[in-house]
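Going by the order they are written in, the chains are A, B, C and D; count residues from 1 in each one.
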Amino acid sequence: MGPPMSSEINLNSDLGESFGPWQMGNDAAMLGIVKSANVACGFHASDPTVMTQTVLLAKKNGVSIGAHPSFPDLQGFGRRQMRLDEAEIEALVAYQIGALAGIAAAQGARVTHVKPHGALSNMASVEAGMAQAIARAIKAVDRSLIFLVTAGSEMSKAGRAQGLRVAQEIFADRSYDDAGNLTKRGHPQAMIHDPAQSLAHVKRMVEAQAIFSLSGKKIPTDIHSVCVHGDGEAAVAVAGAVRDGLQASQIRILPLPEMAALR
Amino acid sequence: MGPPMSSEINLNSDLGESFGPWQMGNDAAMLGIVKSANVACGFHASDPTVMTQTVLLAKKNGVSIGAHPSFPDLQGFGRRQMRLDEAEIEALVAYQIGALAGIAAAQGARVTHVKPHGALSNMASVEAGMAQAIARAIKAVDRSLIFLVTAGSEMSKAGRAQGLRVAQEIFADRSYDDAGNLTKRGHPQAMIHDPAQSLAHVKRMVEAQAIFSLSGKKIPTDIHSVCVHGDGEAAVAVAGAVRDGLQASQIRILPLPEMAALR
Amino acid sequence: MGPPMSSEINLNSDLGESFGPWQMGNDAAMLGIVKSANVACGFHASDPTVMTQTVLLAKKNGVSIGAHPSFPDLQGFGRRQMRLDEAEIEALVAYQIGALAGIAAAQGARVTHVKPHGALSNMASVEAGMAQAIARAIKAVDRSLIFLVTAGSEMSKAGRAQGLRVAQEIFADRSYDDAGNLTKRGHPQAMIHDPAQSLAHVKRMVEAQAIFSLSGKKIPTDIHSVCVHGDGEAAVAVAGAVRDGLQASQIRILPLPEMAALR
Amino acid sequence: MGPPMSSEINLNSDLGESFGPWQMGNDAAMLGIVKSANVACGFHASDPTVMTQTVLLAKKNGVSIGAHPSFPDLQGFGRRQMRLDEAEIEALVAYQIGALAGIAAAQGARVTHVKPHGALSNMASVEAGMAQAIARAIKAVDRSLIFLVTAGSEMSKAGRAQGLRVAQEIFADRSYDDAGNLTKRGHPQAMIHDPAQSLAHVKRMVEAQAIFSLSGKKIPTDIHSVCVHGDGEAAVAVAGAVRDGLQASQIRILPLPEMAALR
């Protein structure tokens, strides 16, 4: 794959994060904004019933469906680091992709991408071994799946080495450091809560196909997708502003499988 | 489907019932005897790593692979009744079939049948609503899956009503009452531990395509498969004796998808 | 114990029902209203961290702490019937009381009552064997614990037979049928959402020490406690109205262990 | 506490590690050999029913009972590193001690020590913050509990800093390096499988109150307890040989709470 055409982009969000009686996020609102949904698979959130409802709602909204595999840690929401060996990681990724694919098939839908969640994603972004285990699992289950990863991460390299279609994402509500990594959450400017500021941040990076750090450094990289969040009214407002602003700039917002750059 | 030809039968067993560090059963021995494996999917036993190992061993032995979905109850091994609504049951069956399918795909194998486990199976054998929920889920995920059920149960009716290929099983180590149900475990003659006696029991039923109760009553029914167990040396001996005895009678033992009666 | 003095009553609520990242209920508001908290113990909700926070907040508000044991079913919030044997029930009740007692001890607090949750409570309200198993477990762990039960239930009988202090509760937001049981949720008048109506319902029953059914039937019974709920603004308003109205009638609202009738 | 008298020692073992239908270890044999049992609390192994059976058998054998708290990881048997914050660790230790105390109380027994399990123990042996969190939790729940730790570890320091009674243990079947740490499992001489060799290893260290490394280096340290394992016939033989050999040397083998050095 080459770089995405400047006239198209994907918006994705982590959805289906309710569990049993507990609600999280505003899936209905977000599924009207984004074009690809990363659906929790029961390891950090969700359950078969929540997955079914999420898949149905995504399908109804023309939103493409991806598996959002995680470490097995409901209490910690998959955000706590766990040290698993590569065979365990391959197996749990295959399991979770399959579980969501089963739910999707039962609703006449399909899983078309995979985006690792939380600590699994954070660790695999910098550890080549973990990144390769995830990429191997995805390829083994279905080599047509798109691997949605943090731009410039070890997962990006591993996915390309395995011959997978790799979609690189940036975050609408986070700033970057000069190494191209997300600014640590403790930093006063780590988060971007203002819709207009977030849109400007995203637009600049999408149009330049580069990450811009807080200090102004430009780090060229392919950008296929923008991750937006749905927890809280502010987040939904940011997501909507990003969508509206990109469209106003004649950038088409597409589900991942429909992007020319990922065919 | 009509009745199976008298010259063919399937042998199946519940396998992959280890979990994490805990071993159960003798899968290696049983995979040399049976032709179809019902693989636990992580709800009553197994985990992604155990599932991977079980699928690999089944594939190597030419044993067809089925999902063995259960209520979510590891501590109770899926043997404790739970009262779920039909939508919950449909979703958990789809999830578990999919999870095993993902693991199987990653190993170059396929899931070709589904057999409910434990309390889920026992309840769905007599409750039409549950049986129909399971059958609907199987059909929705993949209508080519074979539904392996207790002969004469509500699951058998539900599967046929949904147009699924239904394989009816009998048990090699259990006796039957005059209603065609398994004799309650408390009954002194409920279990058959003697290999020769078990073989005679099975052969008589397979050849007659009928269940014979303890009192001698004959209940005609299609019999496609014989379930054997692998827990303990006695059980493995029974399984081997049944296999050897059926083959000695010129009855071919086949994986479920290769049976003429299920095509 | 004799009947409670007409001048005192307890208010209790099910609290600590968040889990990991998921919030439920308005514990801060409810802990300013009730005098006894039934704290989830990790089987249907909560986790060690949530339990710690709940215990701390209860202690700060002078609210007495009780264990709220459940079937092991996070996804189903303990509301799905499970069929366990009595030894399993005894063990899981002892485990959950102890777990909360450990958390409480670490915060300088104590567990002083036990109230079964959800399906465990519903089943044990009508099944004598289950009720006795729960009562035996409570007595075995600590015979000074107060057993908080549905008025007139099998749990009430079992607790008294074991020599436990039994506190009987009524529900502020539910109506009763002529057998003294809660009106089924499907019934149009099952729920009482209006604060004034709920207060009148409660006051009439507390003052008469009797349940009044929808048809007007009077069923005399000791009433020590009123259960109020905290899910939603309406529920908190009902709880506050009941508290205010009872106090306005010179009825003192006390923690369970401070009630004269339970000493 | 000063050093233990040379004429007394404790033997401990990790027990109650079955779960639901899965058996592990030979608890019956080990409870006839050791004097203190570290009982799994449901996070890495065990469940309320298994805990009840283990406590009963320990009590019958005059074996003192300790909680064996772990990270929440049944599949990984608590052996996989997890990154939790200190408040989470304090809460889960308090929860697990309490849960076992509830089970023990119900059987007329008491929890008298705490020994962290698996990855929790390994990490807290070298990370002061984790060690302190565990020690704080133990002290907060019950300051009379004995803290059983790896000799010379950060847990030992943290326990003493909190004023807890600290019992230091050595391993009968493991060799040590010159830093006083266990030789890595990959090392050809990491494990000691021969009963006579294991006994000589233990006796030398107990009598000298010092660890001896593979290279012969002597590292003086208080030794209160010897940990023996029960998985496999060889392990039980080692445990029995250590017990017999120490007794033949006039060293009394006592439950932890009966040791003069821990009073």
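Operating definition for what follows: contacts are C-beta pairs under 8 Å (C-beta built on N, C-alpha and C of every residue); 3 or more make two chains touch, one makes a residue touch a chain.
Worth saying up front: this structure is predicted, and the values here are computed from it rather than measured.
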Interface copy of C-D among A-B, B-C or A-D, judged by whether over half of the contact pairs recur: A-B
Higher-contact pair (C-beta pairs counted), B-D versus A-B: A-B
Whole-Å separation of chain centres (CA-atom averages), subunit B against subunit D: 43
Centre-to-centre distance between subunit B and subunit A (centres being mean Cα positions), rounded to whole Å: 39
Sequence positions of subunit B contacting 2 or more other chains: 47, 75-76
Residue ranges of subunit B in contact with subunit D within the complex: 18-24, 45, 47, 74-77
Complex contact set, residues of subunit C against subunit D: 42, 47-49, 51-52, 87-88, 90-92, 94-107, 137, 140-142
Subunit C - residues contacting subunit B, complex: 72-73, 75-76, 80-84, 119
